[in-house]
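Both of the next two complexes hold chain A, though its partner changes from chain B to chain C.
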Partner chain A sequence: MCSHCRARDARRACVAAFCATIALAACQREQRDLDPHVEPLAGQATPLSGLNPGEDRPAPIRSSNGAGFEKNAYAISEGQRLFAWFNCSGCHGNGGGGIGPALMDDVWRYGGSIEQIHASIAQGRPNGMPTFRDKIPDAEIWQLAAYVRALSGNVPKAAAPSRGETISVTPPLTRVPEQPPKPADSVSPER
Partner chain B sequence: MRPAPWIAVVALPLAGCAGVQSALDPAGDEAATIGDIWHLMLGVCGFMFALTMLFLAWAIVRGRRAREADAEARHEPALSLALHGWIALVVAGLAVLAIASFLVDRRLLAPATDVLRVRVTGMQWWWRVEYPSDDPGRTLVTANELHLPVDRTSEIELRTEDVIHSLWIPNLAGKLDLVPGRVNTLRVTPRRIGGFRGQCAEFCGLDHAWMALDVRVESADAFEAWRQRHLAPAKPPLSAGEREGAQLFVQKPCVMCHAIRGSDAAASTGPDLTHFASRATLGAGARPLTREALAMWLADPNRIKPGVHMPAVPMTAAERDRLVDYLMSLE
Partner chain C sequence: MPTDSAPTAHAGTADAWRPAKRGVRRCMRLRGAAFALAVTGTCAAAPIASIPPAASAKDDGSWTLAARDYASTRYSPLAEITAANVGTLHVESTFSLGSLRGEEAAPLVANGTMYVVTPFPNIVYALDLTRPGTPLKWKYEPKPDASAQGVACCDTVNRGGSLANGRLYFNTLDGDTIALDAEDGHEIWRTHLGDIRKGESLTMAPLAVNDKVLVGNSGGEFGVRGWLVALDAGDGHIVWKAFHTGPDADVLIGADFKPFYAFDRGKDLGVSSWPPDAWKIGGGSAWGWISFDPGSNLVYYGTSNPSPWNAEVRAGDNKWTAGLFARDADTGAARWFYQFSPHDLYDYDAVNESILLDLPVGGATRKVLVRAERNGYFYVIDRASGEVLSADAYGSVNSSQGVDLSTGRLRYAADKKPATGRIVREICPASPGGKDWNPSAFSPRTGLVYVPHLNLCMDWQTVPANYIAGTPYGGAIARMYAGPGGKRGELLAWDPVARKPVWKIEEDLPIWSAALATGGDLVFYGTMDGWFKAVDAHTGEVRWQFPTGSGIVGQPVSYRGPDGRQYVAVLSGVGGWAGAIVVGHLDARDTSAANGMVGATTDLPTKTEAGGMLYVFALPCT
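Presenting the complex of A and B:
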């Protein structure tokens, strides 16, 4: 073999090794945060009534916690477990609704952002939704909210839990089509 | 004659054969049966191993000599005899092992009469232990401790509510899996009074290694006394601190997962705490149960058992003290 070819082969091997090393970075999916630190939510996350003076509805507040939980696979799968543990299905029936409203569609009476869902769980809502503020630690409410949001497909595919540990009547979240929440104005809260 | 120091060094690993979690120190019929076949296998395989090594050494020595001597056309009747003997030995050894394991299997699965029914449910990462009764009000529920009467066969129903676990109490029986959607039955007949350690033997998630079961084998009378004591509802809080702790327990998120019979707490996703203070360990064997360990656990369970499903519940140090007062009074 000529020395020129040998040098070329060595260069190719180096490039291949370099590319393989870069691919290793993809192995790091996410770090499990076993003890997530959350800031308490300040203010009202969602307007509770469709009635308000003037033209402008108060803008829903955003929280620094929300984004982290929304995209975190561990948080969403923990939310899935808690959804069963705290018997959310007792009223919301695996997300399909029953005594309480369905959670897997695009209709959100009290807003579909994770902050608004967190507020609905923490504060409770009229006609039967209890307040869980003092009964579920805040980080776990955020995990629940992330899962509830994921029920209507509002979840990055890579973060969606594929299926629960038990037999389920609903398709796995990876197969739920995305249904972005409708703008608050198009749905009357009194519906 | 003084024993040479090397004997002590060689014998040191043998210390691992005894203890509260050892299949080589059987304390029950099933473990003894498995121990017998274990020793038989060790004997047969050890003998064959020694023989193989002996022949190998011989072959090496012979090979050196053969290179020097003229190896041409040497007929050795002794060698061919040894070869035939070897084949016979392998067949006989395997036959002995196959028949022995068949007989042991039959013995382990033989039907038993007058059994004590126990139900063990594997959870991530603890054990729910129930003693069912025909009267539903007298079904005893506890967690992470398994009390068994000596000299009586107990039939343990194994279930799981999440993933596959495996129950292994080496001193009493072999391991058996807990599989979602089915019920497996493990039979144990303890013959020696004492405390043993059970452990999950099938990887079941982050805290698999922290999933231990405290097993107590007691005399029939002691077992019955334990059962009667634990069927009773929890002791009502007496001191002011305990009363405050009891109130905190039902106000705080504790009540969402745990049950204390005799109080308003009746959830079943976490361990039943009715007679919590009578247990030896905390968090399925994560720590011996003491006031200090419990206070640390309540402050942040993740620090003691990383990944545990119990969250840190926000409360003041004073509130935590009252809660510890109450929980440690639940004997």
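Presenting the complex of A and C:
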């Protein structure tokens, strides 16, 4: 560690190496993709049932880079902003719910993977969830879905926003315990 | 608080019979934090208020309107059940409502049949009271659009119907008013009024008046444009429609419109008291109660909060929101308007019930209406002119410092005014007000108004509001909690003549049920943990209580059965805004959930569970 680096140059090298290590580890967290391109998801990527009549199908397809959003601090932070902007908070509160269900617990009506959450936002759901496709740009729906994952502690703690800019109404998301969706609520692979 | 340091008398000491549970019948002491506070003496000998004869209901044992009579008293003259015998009251029959949402409706009774409207999907059950066990007579399913659940701000409730002309009139969440044949349940007409794509829903109980049915929309949290509609009772066509924002012509303001106060007068205030075009998405819905004075042919009803909650983006008084209209029942023409909360800052809807009374004031009898208003004041208003005769705080209020009776304006407290960049703490009352929708009762025998109300305060942050049709139009983060003293509910007996409390019962949980007063000098109400209680109308002593299966957020009624006996009926089934945490499985870690209500009800899921059930009580046969 740095305490052992006595020479000035050595110390510099040591600091640089340390920072490089951190940067490498956190590069996915730190990346700011201002124009994220996401491959459109095919319908079969987001099944809502764990039953496959007849023979098992191949595992649900994960989006090529959708999952990357939930590891990225910028995407989650943007999702947090958009969550209020698009009035998600009007129904889901700050994760505790209201008109719509809570999003900070481990219960998912329509699946808890980021692909399934993206699908719920884009398509809408029959008991009151509006269809936001064509209202919210697709990349922003992914950012929203990443933030929704963060509400239940299902993003890397290093990527979760530690506090919002508003009155404190929930525990910091960095302190929300990880609550993975139950198998029945998440058909697509989790990790 | 309008109370002084009065002696506290424990009233919850009577024995109550707890029926068989887990196979054991036993007596138990009444439990719960029910203490009657003797604040003043009784009001013996002094002249008391009475129900205007024209607005009272026939003493025929029926209960055909949510409030029973047009004066909205919720008073049943039936006197078989009294303080002396109520201890033997027992369950006579039950009926599962097949619903897991808040049961806010009043069961209606006429011609040996009981009618119950459920929350979404708004099923109507007709029960045959003439047969043992009161079996199902018919059932009607309107099959409303499931998407409507997404625009129901505060649980998918329904507050019941109206029985008139041999028909049952009621609303569906997705915006239809329906007339059914009360005898066989067949649909006579169905009129589509509300557009869920704009956030409109229907939750109120329509009122049948003369040959019309009056219906108002819900959606003050969605930026709807509020209205009240009169439908032809015969075929359901729209006879008149009065908007609550916009040009005078849309509001049905004409030559007859004579508000008492200057700040309610002026041309097209529904436009000019808003920033440009804001009135088009300005709220002012009419999801509450309507009273009717056949003597003057005027209907009285209030308008909801303006949209959005963020008041900074709607500079002006925001007419005609958060106020009370008097309108001609036949034409809809506005006669007067009074704005309780001009430029509402806190979601103080003005949709609470107006009880029409003939009230002794200063030696004369005045035709008035009285209201326990959401902004925390008990108003007495001349119902002919709209003059405020008095406005007294009936609970904890610090968001304002009274009402200026010379100008009629509420005096907002500057230190509690929300503003961007500022978190305002300890605003009392909170958004649901000193009292929310759940109506009071009045007994002409005691002259008292029985007010089931709240003791909640809140912290509030104003945030940007963004209008997207069909989604909430908010702009505030609130978190609520118990007000001073720590009890969240209170049943208050208020003397409208002396303008002060006579007794009160504190409840730990918010009270979200209506009150019922009977000729046996009892007052009935329910608690959110499921207790259905009968208290002495004179003293507030708890005389009987029964643990129903779920929290009570409904409207108790009393009627005479086909066998001549007096019955008391109530729907059990927690929900509504205050019960949202239970029925919506909300997460208590977010105190802002359900627009801040969750902060004040985090313990509710440990005290009750969802499940709608009708309970009917009677005395044992002798």
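As a working rule, the second predicted complex is superposed on the first by the 137 of 191 C-alpha atoms of A that agree within 3 Å, B and C clash if a C-alpha of one lies under 4 Å from a C-alpha of the other, contacts with A are read in each partner's own complex, and residues count from 1 in each chain.
As a working rule, a contact is a pair of C-beta atoms (placed from the backbone, for glycine too) under 8 Å apart; a residue touches a chain by one contact, two chains touch by 3 or more.
On a predicted model such as this, the values are computed, not experimentally measured, just so you know.
In the superposition on chain A, A:R62 makes contact with neither chain B nor chain C. In the superposition on chain A, A:R81 makes contact with chain B only, while chain C stays out of contact range. With both structures placed on the common chain, the touch criterion links A:G100 to chain C but leaves chain B unconnected. Look at A:P126: by the touch rule set out above, it reaches chain C but stays clear of chain B.
In the superposition on chain A, no contact is made by A:R29 with either chain B or chain C. Of the two partner chains, neither chain B nor chain C is touched by A:K182. Look at A:K135: by the touch rule set out above, it reaches both chain B and chain C.
Set against each other, chain B and chain C touch different numbers of residues in chain A, with C touching more. According to the touch criterion, the shared surface of chain A, contacted by chain B in one complex and chain C in the other, consists of residues 85-86, 135, 166-167. Considering their complex, residues 32, 34-35, 81, 85-86, 134-140, 165-167 of chain A touch chain B. On the side of chain B, the complex with chain A involves touching residues 161-163, 180-181, 251-253, 255-257, 269, 300, 302, 306-307, 309, 311-314. Those residues of chain C lying in contact with chain A across their complex are 146-153, 221, 423, 459, 461, 463-464, 466, 468, 470-474, 477, 479, 580, 584-595, 598-599.
Remark: chain A residues 84-87, 89-91, 93-102, 104-105, 107, 126-130, 135, 166-167, 169-171, 176 touch chain C in the complex.
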